[in-house]
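Provided herewith is a single structure, encoded as structure tokens, for subsequent inquiry.
When the chains are written out, they are named A, B, C and D in that same order, and each has its own residue count from 1.
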């Protein structure tokens, strides 16, 4: 009954089992073990091409390392004003880059607007020493608003970015949810649409603590091994990160979990929309919904023990609700019913 | 049959079980869960006093964060020239501090010499803007040489450090092995001997990936929550870090494992010392030994599949051998026998 | 005939003479000379209180060092979106702080709005590890828009800042022009209004290259000597920085020059306002004006060799015109006449 | 009568005159003025080839920027343990690089030993993520010991460095003194001997505050304009830096001054060597000498008002004496006489 965040979910049993299976005998440390090699192969298959893979344990690490690999200390990272990298990582990108600047470019429903980006880059002072230098576009997919960039949208933004000499990063903390919604291939949603480097999330969607930096533009991979070690994100017992990611990808578990999670959010949205006075702030395309509800309805769910997030602070009526791989249909039904009953 | 490093060992079954037990239902993220609170309580009991605890997943993170908390960008960290923080972390302390300097002070068997430290600090230019400012003493216990600082030795160094205005950090990646050797309380070996902040290792000694920064000088704790988050080391599903540490501490498992590991190293040392031409480089007090062996003996163990580390590079005859909680007596016997037989 | 910037002006003859006078015999380096001591005394007199003074040679250095002294790496600096520290220093504050974030709070005519600041700080997430921590308010006086904060305006903003636990910095690259406009004491405009640290500019207003960091909150002074040295901003032959500042302050030269400069801007504004189609974007209170002019008028001044700055890029009609201590009345008259004639 | 440092000297009259001449009318800022262009041309002529030139005002800035341009955050800079960049800049290289490590390689008389360098680089762990990566060799010429690398010595070290993939920097705070001693061309002593980037000092040898970063390997120049600006070292009124350097180079003034300074040091050395109990610690090749003298002799010079530097702290008898362009023969004679008389 916890809709506060998908990171409140446990890990999926198959992830735990995989960790258990990996716990046999000794293994060479720091990624020099067979499981780590297998994970690299899995990613190559998934994306239909060679790519460099760096496993880490948190999304903040994946994002900050990716950004630092693509942006010099005097660089600027263009992102949505609500992007996690700008708002929720306590300045991790600034720390890892050595002081780059994040520049917000707005757009509806959590997505950057390509024309606004083009305009912002046009007046950014490229080549002028007085200004930080545009270096990277960072998109979040699925977005902070629970929406999803279609490949064509990503491609349009990447075209602008590349034309101005920027690289393209995707924060895919919820990449599984995005792809489950899109139904396209992982390649279509990323490198074929111009993405150069991807934070491929797994923690929120059923792993314990495992993320992958997937690098398509190999010039960006050169420094990452050193950056990861120096940041303390190179696990000695790497096999346990690898085991999680291996099981997560095996047999499409990751997409299966995301499909379930998305379906729960959709069902929740449908149920809540029927409530008088309810209003969705954004289309529900992944596993998050933002919905304005009558105070009575919110209070009732809270009293019943449902956890959610009043997005604009205590007393406000815009709720963020996040479903997870482990969300049960009965939790969704219960929430809707509780909210509805309060208004009867 | 892997003596290359204790990080090649699996996790102890009780750690894995604890992870499994923690995998029930939802839990509030980022350390706001009951297990995290329980771990803090365990540390308070273990050290017999209040202390701030920050869980992270790697030893490099624990060290770099601890050092950054105690040393400004223009500070200097005094350590042994062979210290892991100086030699094996790809400059993590420099990254986390924003460019501090590590200054080596030599001493026998991996231990800093208090008189040398006093002398070095005396001519360090404290207060002079041209010089980096002495800020922190960082000891490793057990040391890189497999030796252990007794409380009195730690206290003597800490006295010098404090007298010159430095704080004292202990890299305790193998703190369990040190304490198992000493037989004293954790308090005696740390804050009672003047230690201000401790990297309390667990990964090498039976955990999957879990370390704790234990802060005794509470002025050093103020910035750590922000530093950890910003470095990407705050786990969302913190319960799984906490579960490891909880089980590790419960019922003294950690010391039990370290005692076994130390015993294996001692037995290995005894066996190898009996070989003609063998010479130990350092006293064997924890779970590492450095032993010079005839090339024939080394080659025989390598051929038999035993992994070890030629400390000074390929072709050299000083071996580092590391035992772990999972090292079996028969592995030790086998290694000794193989080495001995080669010379027969 | 250069209205592009006040940094195109030469130094005032009395500054050059002072440099010449300082060039006698040997002097102890790094500020251990009598001139440096005299400058400190002058600042104490000027501000009517003790203050720590750090001389540097550029405004960017003065700002970046001041900001770093008051804002941790995970801190946030609140400033106007057009602030020089955010827009024109290539990320110097981010570099010097080790990755802090600059947060824009808008307001009319280049001045932050106190209510907006209060609101922004209220939702900044103080104490929450996921967010950078509000640490510093940085005002520019005179502003980038050529306006001036009155003491009461500064005090209102400082009150908000202090109430939320922030320190207050003023970028006074054109502090002389601000004070010349206000006619109050230097104390009234700064520490009596809540300013904790000031970048006191002199370069633009008649010096060669000299600025002072003036610290009122002495806790902010503790690290500055080390920060300045480490940044390469501690001059060995400090007497030549001190000589400039000494002559600049002596007998009120600085205010005399600023009054002239301001007067030239005012006269220019008056002359241009009379032109049909001209429109001032902001009140003209210091030595900068922003004026929209007919293209014909602009083109005529450019053709006649007057340098100015088309603020929104080539082809746009909002001009920034900056006067300096050395601007001559005939330059002003000539510019106005040329613009007017073009429309006749 | 100040032998404490060459930075106690005034500027040469021709430098002051040049500053005065530059103080005419307005000039475009930030190096977009004719003098800055002329200085670039002078350097091209001096070194007999194209080179990128970046003017700054302090030697620490020149060194730290040069090093940062050639060494990543996870890099290592190899230098002599007594190098100014390691010992006397409060960690400026670490700050500018974002946390690189300085590694000392010893050698006699302040010069690195090529064989020791080769050996150190051989065991540095190139390519291994656990270790900082060797990136740069930094030599000081003239050295901290007052000796001078001959072109062949520089070339031998550069050969080792380049073979291991490092770039080569020379800290030429006293490059004029080195070249005056060598009598070869500036090209012979630098790029023809393998130097990739040079801190070309002028402050100590007659300027007010002016240094040039001269870049021979143009890949190292790409980031320097941004790094300089971001560090606050791009002067707005650049013409005054350029004027100093222009006059310094014109007509060989710089070498003339250095020859005088060197001659004074040599004469001082000759005079002091004749004193019973005197012993030079290093050959005197530039403008510094290190001489052990009887305490009586030292005390007498101090009592007579001569300033010098007791190199190993108060009470020690190894004096550092530095001559400058402005040192007078009578000061030298007076010092020698005073010392000698004390022993009579």
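The rule is short, and it goes like this: contacts are C-beta pairs under 8 Å (C-beta built on N, C-alpha and C of every residue); 3 or more make two chains touch, one makes a residue touch a chain.
Owing to the predicted nature of the structure, the values given are computational and were not obtained by experimental measurement.
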Intersection of the contact lists for subunit A and subunit B: C, D
Which of C-D and B-D has more C-beta pairs touching across its chains: C-D
Interchain centroid distance [CA atoms averaged], subunit B/subunit D, Å: 42
Averaged-CA centre spacing for the pair subunit D and subunit A, given as whole angstrom: 51
Rounded Å distance, subunit C centre to subunit D centre (Cα mean): 34
Per-residue overlap in subunit D, given as positions that touch at least 2 other chains: 73-74, 89-91, 95, 98, 129-130, 226, 229-230, 234
Parts of subunit A lying in touch with subunit D, wherever the complex brings them together: 30, 72-74, 98, 129-130, 133, 223, 225-230, 234
Residue numbers on subunit D that touch subunit B, as the complex places them: 73-74, 87-91, 94-95, 97-102, 123, 129-132, 313
For the subunit A and subunit B complex, residues of the former touching the latter: 1-2, 4-5, 7-11, 13, 16, 19-20, 23-29, 56-65, 89-92, 95, 203-204, 208-209, 226, 229-237, 240-241, 326
